[in-house]
Amino acid sequence: MSNQTAVAAPPGSGPAEHRRGSPISGDWVRRNGVYLALIVLVILNIVITPHFVTTSNLRLQLIQTAPTLIVALGMAMVIGTGGIDLSVGSVMALAAAVMPLYLGYGTLTGVAIAMLCGAASGFLVGTLVSRVGLQPIVATLAILVGGRGLANVIGGQIKNLNDPGLRSLGLGSFLGVPYTVLVAAVMLLVVGFLVRRTTFGRGMEAIGGNRRAATLAGLPVNRILVTTYVVSGVLAAIAGILLAARSQASDPRTLGLLMELNAIAAVVIGGTPLTGGRIRVLGTLAGALLMQLITSTLVAHNIADSIAQMTQAVVIVGAVYVQLGRKTS
Amino acid sequence: MPSSPLQTVDVSAAASVLEVTGVTKQFAGIKALTDVSFSVAPGSIHALVGENGAGKSTLIKVLTGVYQPDAGEIRYRGEPVSFSRPSDAQDVGISTVYQEISLVPLLSVARNVFLGREPRNRLGLIDVRAMNRDAQRITADLGIEVDVTQDVGRLGLGVQQMIALARAMTINARTVIMDEPTSSLEIREVETLFSVARRLRDDGVGIVFVSHRLDELWQLCDAITILRDGEVVHRGQMADLDRRELVSHMLGREIAEGVRERESASISTGDADAAAPVLSVRGLRAHRRLHGIDLDVRPGEIVGLAGLLGSGRSETVKAIYGDLASDADTIDVEGTAIRRNSIPAALDAGIALLSEDRKAEGIIPDLSVRDNIVLAVLDQVSRWGVISDAKVDELVDTFIKRLRIKVSSPQQLVSELSGGNQQKVLIARWLCTKPKVFLLDEPTRGIDVGAKQEVASVIDELAEKGLAVLMISSETEELVDTSDKVVVLHEGSVNDRLSGSDLTHSRLLAALVAPTIHDLQDEVAS
Amino acid sequence: GCTNEGGGGTDGSNEATSDSTVDTSQQVRDADVGEGEGCTIDDYGVEAIELEGAKVGFSQSEPDSASFRAAETQSIRDAAAEVGAELIVTNANNELPKQINDIQDMLNQGIDILVVAPVNSDGLDPALQAAQDQGVPVVTIDRKVTNESCSDYLAFLGSDFVEQGERAADALADITDGEANVAILLGPSGNNVTDGRANGFKERVAAEYPDITIVAEQTANASRSEGQEVTAQLLQSNPEIDAIYAFNDEEGLGAMTAITEAGMVPGEDVVIVSIDGTRNAVEAIVAGTYNAVIESNPRFGPLVFETLQRFYDGEAIPEDIIIEDGEYTQENAEEQLGRAF
Amino acid sequence: MKTTTDLGSVTSEKVEVTAAVVSRRERSARFAQRNGALLVLLGLGLVMSLTFDSFGTASNLSQIAQQASFYSLLALGMTFVIFTGGIDLSVGSVFALGGVLGAWGASHNPLLGLVLPLAVCGLFGLVQGTIVARTAVPAFIVTLAGLLFARGLLLVLTDEGAITFKVPEGSWFLTLAQGSFLGLGYTVWLAVLLFAAGMLVQYRTSYGSTLLAIGGQPLAADLMGLPVARSKMIAYTASGMLAGLAGALTASYTASGVTTLGVGLELTAISAVVLGGTALMGGSGSVLGSLVGMLLLQVIANLINRLGLTDSNWQAVVNGAVLIVVATAQIYLSRVQARPRKAIG
């Protein structure tokens, strides 16, 4: 019974050597699922949608993606810290509602004050989340509900914006690239830089990964959180301004309605985990493009609202499933 | 099958309760278990050992239905079984205490003990009173005095560990599996646990026991299986093995253990005592936990902080670090008082804290080793908030080399490292801050002998360079071996101070278990 | 400093009644008394009261951020003030259950008369029932309910949505000489005004205008920016589109911007016809970038109180009091601008 | 030796005394936290009945209860889903779907009007629950898709919303929500019953503890051998069924299957749950609180009507503000009982 056998293990057979098999493994598909889905959808459109590959159409796709992308970038940062920002749609409306009140002092003033509105709302949320300790979803839910109400109270009925500055911002372009798209591109670069290269970006991911550890490591957790929500608020305000400029009107009732859900979907489809700790900027771009492309495909094919909504539902879940797969354990 | 010569050897084939053969388990390219066979006999305690990442926990999870094996067979009482989830294993009578404490923090102790198996009344509803009563009895049996209606999350790790054990006890099990149950326990609780385990064994229960505290194995276990890199490298009777053999099986190499000869001569002599303390704490108080603690740590000194479960050791270091609301007459670092009770203030003063809960309070799992190391010094490796890769690389390379952290690259996710290496990453994180005072809370908890050795030597080295170290450990031998002085806490007050020739294992044990009379008198007086 | 005049462009609703020479009041087109006997105070079974000093409840359906709603509420307020009635206003925010709630709440506050702009044609039963139990006469405006007239409610005052759609089809055919590829921008799905306006349009086109083709039908949720986004996409995928029929002015105005954005001239390259009569849209017609708007007159106030007065005077009130909606075209828009809301 | 034991007994006594004092304070803080919304509700109710004559009347109060009864069912289902650390954004659409199915069903057979929404919406919840339990797709995304899908389904059933099914007059289906007992509508009694059952489930069944365990520590729940996947599936199914039931009852109340119902209702339900003191990340909370939260929202709506703030947007502003105030109060109250740790983990 008491046999004792000692066998030396074959040398150098550590688990590290069995790492990552072929490049196109399930893992690879997962990490790049959003790009694959995007490519599939583009190819599908090229095949089935008439007039898809025209400059004007591609340009339109970019223009219509821009607001979602800008909001989604802020959302990705917030989600990266382990939070969520349901307030973005209402902040867009709020910014757009406030802007016309100050356009009399010049386009820049109006735009700046609208952005300030976004910053203020972000500051409020950030403070509630970091210092008071509210759950992000609760704090931003309150702003989602109350912010739109406030926007309606302030803004009243839809207002035409007859401001040449805003007109060119909304409808003009630079070297053939619409300003809206330029702004979105700049925001993409800025957020990419913040996330990848700065202490702030590292701090956000650290807080999302393990807030307690980040606190113990002496990171200025509260300051980072407040900044993150402020950035998200400002980005939402910018999206609101762009949308208002493009439609030449400020409509607090409908502007940015359901944007929070679109943006969250874009972020999650883009591969940023909803649990925080990692921020994928390029993925978010792909996610936003994907969301836009779904909508435009459905409209282009004149799909009835009922079927359109159901299709959207299936594509969203499918795209996320491709990346996350089955529950592991 | 023929690939392993071990296949032919079976320690207790005749009467094993739980048996696995040829189990292989792979995680996204990482082979955690390769053709492992293992069996537990009824009425015996079976040690399962191996270095960090050897696959012990994975094997246990395969045994209990948490993971499905890629290959291999599990037999329970001779019948082939397949557990598709943990409840399947529980239902047939396998009770498990997992390594990560698996309790629900926001539920009461009693609910945690009975979750899923609560006593019912005639209507089929939970009989809350009976449940609380039973839970109170069971925890009292285990020597834990808690209000069972209290939420588990507000108890310390050690108490939680005992509650997890209480839960495992209430399942009328034929097999009990315990994955590192003692890692956060104190001698007294360890003794309780051992007596419970022995009683179960005598009742014919088969027990699997995992621990990195090797001495415990000889005290408790009958048989042993050693894993290395996911393969069984040894299997036999405990008594047939000596410590040196065991370690060499585990690590695949020999290490010189217990021959630590720290050059602490200068410290125990009078002139070190004369040196001004780096850290000086007077009258440290925290609401209902700490009642006026005085401490001095001089340069180059390692002061041990001992105490029983809940004696307030962790609280003490957290209070010094500003993580716990507290007030003190003074906390001085190199003679300068820290004004504010806050983490940034403590960090600025040159204090670093290696927390006891590596997973919850230490690593940021989704960040790389590199980012984890520089986390506390982001300000120093950046300009205008923009991180300088060059500076980071330099710092990270230095520490990976200096602490011999085993990584495939600095970009590897820290969550992929073994426990010991994660601990070194955290030590590196704090060393980057060039601390003057290093507070170490259970620095060797849950890491294997090899890593323990390395961590210990890093600590020694630090002390030699003049750092002041305050170290908590539940392993009294380790404390005696490593420290120059030991401060013993009891219910939030200093109970005894041992140094020089007083600092022996038996004196420490005595001081831990029996609070001295004058201490009690103090308490009454106050 | 360029928006102050333009920015105020939509504020017209409140002052429209005062500053214009145009007649903005509603004209009854079809009072229908002849064929049925109508509903008298005895039929209805309530006590006659004086309008002066009466407590009137008005349950508005949608937020006043829509100009139609703002004009409607304001008109009721003005008319109530005129006759000296006390008015309580609630707003259901587009939620049917809230409207039921609001009405019952006002009944609890002891109103004598109830005016409702229903959120939905169906489903107000409990509220109407409660009003009946308390002997409070109910007048519904702008949207008819499917309940029993002269028992659940007194009368309906408003437009005929199907007819509005038909008239839009006529207007569009008129402008395009009966030949067009039309994209329809629908209202919010599930809303019965959406269906009325769309069906009226489609049926008229099918019956009368064989050369009008309906290319696409997409919802734009009564919103300007959605109108713009959807139109922008439709123009890309269906370059043949040369006319837009929009559920309301907001969608139409969004379409107008989208057409400009696509490098075309709205009103010329692509014809736009919509329903409502908001000031923004009528101004666009004046500017030549919009083609026609079928009016849906929101100023129910005077007519409501006049009807109630007649009711209390013992006259028979017809079930449906259909108002005469105007039409804004490039010919009359300038002079009729004051009528827009 | 003797001294030691004596002293020992003295110390232990002292410890017990402090423990008792502290636990009393903790208990009252805990009570205030769990019942913060109730306190606000009672306070507001008192102020309103003193200010407005028409508030405290039986008919007004019973009507508030009536109105709250429908939405409270959604909040009930939502509470259980949130216990598991999940969320159900689909309830608004499922509520509308239930209404349409109920009206359609009742136009054939009253029983069908009740069974059909329960079955279909329950199945809908089950599908969502299965995806949440079996895949790694977060509940937020699954039920967001559910929100779209259910609305789409409803539009398919009603020819893009063009058809509104009517419940035939005289059908007993109508009495479900229109009838009353002791001055309170049947639906109020039903809600009371269901909430009582919900409380029993939370406090007196394994299932309730299991849900909280899943939300509190998913891994632990798994390792403890609790039926995690099944419990989640049941919670989402229940949420779907309750939303469908609420829809069907609304169909009975309004005698029709209104297609535009329930837009944004998920936010109302979530707000009620939050006001009731349930943690949105799961693991702790109270079923009863959700009912109180919903009542509070209804009373606020009632207040706004009475204040004559015709701009209905103030309603939203006040709701948002109340949400922040109550949630903040709960945080501070729960800090009183938490152990003195400084940094928020």
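Points worth noting:
Chains: A, B, C and D, in written order; residue numbering restarts at 1 for each.
In this section, a contact is a pair of C-beta atoms (placed from the backbone, for glycine too) under 8 Å apart; a residue touches a chain by one contact, two chains touch by 3 or more.
All values derive from a computational prediction rather than experimental measurement.
Here C-D and A-D are compared, and the pair linked by more C-beta contacts is A-D. The greatest centre-to-centre gap from chain B, using C-alpha centroids, is found for C.
Per-chain Cα centroids separate chain C from chain D by 37 Å.
Rounded to a whole number, the gap between the C-alpha centres of chain A and chain D is 29 angstrom. The distance from the centre of chain B to the centre of chain C, each centre being the mean of the chain's C-alpha atoms, comes to 72 Å. Note on chain placement: the centre of chain A and the centre of chain B lie 41 Å apart, centres being C-alpha means. Contact with two or more other chains is made by residues 154-155, 160, 222, 311, 313, 315, 343, 345 of chain D. Counting only residues that touch two or more partner chains, chain C has 63-65, 189. Of all residues in chain A, those touching 2 or more other chains are 152, 212, 215-216, 304-306, 329, listed in ascending order. Interface of chain D with chain B (complex): residues 3-4, 7-8, 10-11, 18-19, 22-23, 200, 203-206, 209-210, 212-213, 216-217, 219-227, 283-284, 338-343, 345. Across the interface of their complex, chain A is touched by residues 89, 131, 133-138, 140-142, 144-149, 151-156, 160, 222, 229, 267, 270-271, 274, 279-281, 311, 313-321, 323-324, 327-328, 331, 335, 343-345 of chain D.
Those residues of chain C lying in contact with chain A across their complex are 1-11, 13, 63-67, 70, 186, 189, 215-219, 221-226, 228-230, 232-234, 236-239, 250, 253-254, 257, 260-263, 280.
Those residues of chain A whose C-beta lies close enough to touch chain C in the complex are 49-52, 54, 56-57, 60, 63-64, 100, 103-106, 152, 155-164, 171, 243, 246-249, 251-255, 257, 295-296, 299-302, 304-306.
Those residues of chain B lying in contact with chain D across their complex are 66, 85-91, 96, 98, 100-107, 111, 115-118, 125-126, 128, 147, 154, 167, 286-289, 322-325, 341-343, 360, 517, 520-521, 523-524.
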